[in-house]
Amino acid sequence: MIKKQLFDGLWAQNPGLIQLLGLCPTLAVTTNITNGVALGLATVFVMVLANSSIAPIRKIVPDGVRVPIFVLIIAGLVTIVDYTIHAVSFPLYQALGIFIPLIVTNCIVLARVESFASKNSVKESFFDALFMGLGLTIVLIIIGLIREILSQGTIFQNIEFLLGDEFAFLTIHIFEPKHQFLLASLPPGAFIALAFLVAGSNLINKRK
Amino acid sequence: MNIFNKLSFHGGIKPQGNKNISTKNPIKKIFIPDMLILPLRQSVGKAPKLIVSEGDYVLKGQQLAKPSSNLSVGIHAPTSGYIKRIAMHPVPHPSMLNEECIFLEPDHKDQWIKKKVIDYKNLKLEEVLEQLRQNGLVGMGGATFPTHIKASSKIETLIVNAAECEPFITCDDMALREKTEEFLTGVDIAMHILGAKKAIIGIEDNKQEAITELQKKNQNSKIEIKIIPTVYPSGDEKRLLFLVSGLKIKKMDRPSNHGFQIFNVGTLISIARLFIHGEPVISRVVTFTGNLKQPNNFEALIGTPIKYFLNDCGIKEGDHQIIMGGPMMGFELQNSEITVTKSMNCVLIKRNETQSKDTSIMPCIRCSRCVEVCPAELQPQELYWFSKSKQFEKTLDYKLFDCIECGCCSYVCPSNIPLVSYYRYAKSEIRSEEISGERADIARDRNEFRLFRLDREKTERAERNAQRRAQIPDAEKKKLIEEKKAAIDMALKDKEEI
Amino acid sequence: MIKTIVKSSFLITFIGILFGILLNLTFTFTTPQIEKNIKDAKMNLLNESVGNLKYENNLLNDKIILGPNELLGNNTNTDAYIARDINGTMVAVVIEATAHDGYGGDINLITGINKDGNILGVRIINHSETPGLGDYIEKKKSNWIDNFIGLNLSGDSSIWKTKKDMGQFDFRAGATITPRAVIKAVKKTLEYFKENQDKFK
Amino acid sequence: MKEYLVLLIGIVFVNNIVLTKILGLCPFMGVSKKLETSVSMSAATAFVLTLGSISSWLIYHYLLEPFHLEYLRTIMFIIVIAAIVQFTELVMEKNFPFLYRVLGIFLPLITTNCAVLGIPLLNVQMNHNLFGAAIFGLGGGLGFSLVLILFASLREKLEGADTPLAFQGTAIALITAGLMSLSFMAFIGLDNL
Amino acid sequence: MISSPIIKESDSVSFVMSHVFFALIPSLLIYIYFFGYGILGNLIFGVTLGVLFEYLCLKLRNISAKPFLLDGSTIVTCWLLIISIPSGSPWWIILIGVFSAIVIAKHIYGGLGSNIFNPAMIGYAILLISFPAMMTNWEVSNSLGLNNFLNLKNLFNLFHVQLISNIDAVSSATPLDNIKTYLFLNADNLNPNNFPNYEIFNPRSIINISYFAGGLYLLHKKIISWHLPITLIITVILFSSFMSLIDANKFMGPIHHLLNGAVILGAFFILTDPVTSPTTKRGKIIFAILIGIITLTIRNFGGYPDGIAFAVIFMNIWVPLIEKFTQPKVFGY
Amino acid sequence: MILTVMIIVGICFVIGVFLGFASIKFKTQSDPIVEKIDKILPQTQCGQCGYPGCKPYAQAIADGSADINQCPPGGDDGIHKLADLMGVDYKPLNDEHGITKEKAVAIIDEDTCIGCTLCIQACPVDAILGAAKQMHTVIEKECTGCELCLPPCPVDCIIMEPVGETAESWKWKYPVTSIKQVR
């Protein structure tokens, strides 16, 4: 079961590539890997907590108020994450902007809660959230990588925001672009990068 | 009506006419082959019902099959002889499928059944129409729609379709030149049946001889000869109606709703033959043209295999294809065993050239040339886009069924797309979808009815049981109930297993 | 029916209470740090804009509010911070201003001016210039912004232009709109300071 | 007045909520396969966006700010929006059954549209006044509707294209969205007239 | 089985496309006459790359390549792209531009006929967005150099000119940009001497006139219909006259707008791309009017020197809707 | 802290009551989507989908308990339409449920038929006529080709006859063009 969930989350039902949910952060914050990782992990955190706190009460929530209650729980969790990031890493908070509070409306969170946690056991919901979240995070990282290299010529730029100043050395400068390929860092570049990822996954799936 | 003189419809094309190659000689008269093969179904509507059987001897003009429904007409023996067989044989249809045909072996006596002149002026309308129906009159302009239905409407103006706009075809032209009187009588009779106050003959300006002949012989002031520009497809019913009256109607509308009815030249000549000579439809004029040594028009018996005519004209060397109809709307016939039918106006021989022209089929570049020529004022490129990708609902938004399949769009398309083939494909898919939808609806209703019936039977049975139970003593009742319980348990278990 | 209503509202209320408490705790725990972060960030910016000038007061608290003014380009109130020496006399001010004619929209900047009207430093607070093209006005990207240090209004006013327009400022080819906007805004801030010196006491 | 016009033009064209600000992408990708449904979806979203923007502004300025409860803004905004959505559904079903039939199934989806929360948060960030918030919400809704409808019309058309297999479906839609986003960059600079 | 009709007018896609580059050749010759052979190298390089990309895409998609390589549409696309970018652009700019045009904007959509955006203009827009400094300046250098405005070297225009052979050309300013920056700053920061004093008949306007002539040839050959070009030109004339009536000091008049920048080229060669423009007559008129208005809005108020490219790709988005709402009446309805 | 809780509880309470009320008042009615799905299904009523007829399968799809690719008679076209309607991706027919066959109708060999009425009971659309101990016949027009009557027949006298193509039912084929091949 867990194996299947892992496979689903990371590949077969990948939120970013297949389900196309949670697209806004996938495209908006991925101008570099650091942002992608940070928002991805924040989302995983919220998803895991939301899924595992909703699964136990799934049977007692009346149908009519299901969505409001779920949203309430998610929003509470998100606010906690929001303030924590704000306190711990201010620059990161600034870089991610309003996309942290927007985890509330990140479709993948509510989608997993609605379609999975409200029907399955706590343990399964926990892993579902974990793997789905990681699946999204991986997509965030890949897009971040592509866009960062193309537009800045670096990898792990601003990593110190996430890990602390000691880790600034992790930033790799692949090349010093004389002319940055700005498209990659702008919204159109994000869409096109994701499109190529989706096309790639289509190709792999079709081959099989 | 003169203000419409200059009027022309939107679009259309002017391909090379190639008409004169088959008008050099007069129409060749009937000759009788060794075997006539008559497809049972030769018109729109249900196939008529056979009334002869194998081995019967029939006379020329004798009915072989009688109308089986209102939308069905009779079939007659084109000459005297024996019914040899009733069997499947290829028919002139794009499907290249076989259909039931009557094989008639002529005895070469060509003996007429007793002909009866019909005094149409003193007959009731229903009787006249019944004559048309029994004697196999259908439209000769292409659609083979039973004439008695078209003739049943009361109209103001009869329009004669003498446009013959497709290149190569000259059967109507030649018939007009040679059978002018017969034709004009036909117009007269048709006007009488339809109650029309006048008739307009719409004829393209490239048929000077026929026009002269008509003008010379026409003494009836109610018949007007209207010369229309030579633009394909001026002969299409709706386009012609527009050319002569300025009236635009949609595909699904009928001219008769607006006080017009349109008849083809051939149809009118057949009408004249029926009422003057009492002859049913047993022959028609067919043009054999194209890559032949001596193209010609023939007065052909229905059921004659076309190879006889081709041999008579002489096929030139080299690979060729046989096309029934004109170069714009015709379709390929797979062999020359196929026989003349009431709808066959032309057989065109096309050489299989090894073309040097760039004819590779490219994607549509939306150049909208097709839009400019479409006489139905459609958007062929959109119809193509959606037919190609099988989005049939969208094709309906773009009025696919108003397409008359004239082929103008394909003719001009720089990408060489066989557009009409796509439209035909889409149309037949939609039609079959409709039919299977209807069938599904019937099946659903019947299924629902069955469920309802089963349910009703169950409750009825339960009621009966209850009544019966009321009459049996308690002890027995108990036993019965237990038995029932067991049965129910069983049933439930069964259900779970399912 | 009543049962569902009661159940729903009870559940929601319960979750509400739970998160109310949780959020309040989070807020209580994180707020000091957050405020410190914000203050630090602001302080850094302010300090950079007054260069290495020494002052003794708490710059953040010593602020005055300036109303909308055409020279500052602000539509709403903005802040100005006053740096004082040990005696409490003003040694420098940091004025916020907005340039509306940036390439990508408004550019918010702060200008540090000493009491004689010389520029101590300029910093961009936020902008939406094209990354990689117009963003060299950020200190993080280049030192261009340091060109302003030491300038004042007394000299030839034609220096307040890019070299392209025959002034004294460098510019990066293909992006002259941004520097023009910044230069203009800084110059106007100086003018504002000159006209309203009495406000900054 | 002019500033509101600029605000409106800004959020509809220059900083389009979907293509430039990148909010509300999931419904943008998900409900754009058919033109008809996209029209309904955009109408419903525009309605909720405007109402949500106004009411969350009110909540923020009259409830949260006076009591210094800004940290409750996310939770309050989303609850209010969820309630508006539910309320809209209710009213519509009761009084405009026709509209309900058209929009009904889309309303619940709106709760998870980032734009719906993003607009109120941006209102706070950009310090709009009430009228500004209303304009911003309306503009967000119009911007969303505009691109959703355009996108749906393009996707409908692409159904018939000979798109390579790997790109069929979402990939080509994403490319199209990217190129649309590129073309919306045409308006750069028009919001600082 | 053959399908009807069996007779055909002899015309083909490659025939249509070849007329387009016949129409472009005179302007190319004039370009070379004024500005030297630089453009020719770019053209050869770009077209070769384009054909190569086309071939690769067709091979990857398992389509027989020959008819598509011969159809000439790739050549037209690359040609239009190359004459839109500065002729001194380095090879990799051309590579990225051609890749964007042929692979992203054309073949990912399914190749000839399936694309919804004008490939050449997508290529141009991607380059402009990605490398604005290079695309808007002749001399690309990062040194914050001397007063090179006087040398008039950093001209920019949609048709950046090759300055190698003809020094005269240098003095022909690129008014679109200069006036724009001038107006942008309300003139108070700009040396008034720099305000372009330019002659109506400069090399660039002569090239534009040759585009006009080429366009007339296409009209005559019925490759394009009058709706798009004429409507665009009329819109530009009316709208710019209107604007300059409002404030002649702030807005250029119609002659300047027509003879500078890409309106003429756009009107006859870019808007008329059959694949990406509306097919209905009313649709064409609406399309062209809106492009005219957007172009002038971008020129007068927006962030780019010329707006045709962006206006075209922006309006490409609207084509299906425009077509939907401008369907002509079907016969009899 | 108290204030926070009070405000949250206040708002939540209001909303809770409000929505709870709404949830009862507007309980979901019968789902029209079932009808739409049923409209797409071919109504063969063969049960190959694993449900006792098309309507139950439609219900199951609407509930989300069945996949869209279980109806062999509907074929690929049917699945495409269902995918369209349900807003999910197309997937090929699940061959556990059988394969799409050419449309056929049942024909009872009237010489062998013993008149047992078993087939009549099996036929979901009452397409078989006959009474006990009498020879039965199939009304060709109404037979959906579901094959449900085959197994009950004790003497195996029912065969499925494919419905051939006639000039009337003939369809124009998709034009084959030589160079296009999408991949």
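By written order: A, B, C, D, E and F. Residues from 1 in each chain.
Note that a residue touches a chain if its C-beta (ideal position, glycine included) is under 8 Å from a C-beta of that chain, and two chains touch if they have at least 3 such contacts.
Bear in mind the structure is a predicted one, so any value in this text is a computation, not a measurement.
Note on connectivity: the fewest steps through touching chains from chain B to chain F is 1. Looking at C-F and D-E side by side, the one with more C-beta contacts is D-E. Taking each chain's centre as the mean of its CA atoms, C is the chain most distant from chain B.
Of all the chains shown, the one with its CA centroid nearest the global CA centroid is D.
One finds 32 Å separating the Cα centroids of chain A and chain C. If you average the Cα atoms of chain B and of chain E, the two centres end up 52 Å apart. Centre-to-centre separation of chain B and chain D, using mean CA positions: 55 Å. Shared interface positions of chain E, i.e. residues touching 2 or more other chains, are given as 3, 60-61, 67, 104, 110-111, 113-114, 126, 129, 132-134, 140, 142, 303. Among the residues of chain F, those touching two or more other chains are numbered 4, 7-8, 11-12, 15-16, 19-20, 22-24, 175, 179-180, 182-183. In chain A, the residues that reach two or more other chains under the touch definition are 62, 64-65, 68, 72, 75-76, 79, 83, 180, 182-183, 186, 188, 192. Of all residues in chain D, only 157, 159-162 touch chain B in the complex they form. Chain contact summary for the complex, chain B toward chain E: residues 9-10, 13, 15, 167, 238, 248-251, 253, 321, 323, 325, 327-332, 350, 357-360, 362-368, 371, 375-379, 381-382, 398-399, 402, 407, 410-412, 414-416, 418, 420-421. Those residues of chain E that touch chain D in the shared complex are 60-61, 104-105, 107-111, 113-114, 116-117, 122, 125-126, 129, 294, 297-298, 301-304, 307, 310-311, 313-314, 316-318, 320-321, 324. Those residues of chain C that touch chain E in the complex are listed here as 101, 103-104, 130, 133, 144, 161, 163-166, 170-177, 180, 183-184.
Residues 363, 385-386, 388-389, 391 of chain B are the ones that touch chain D when the two sit in their complex.
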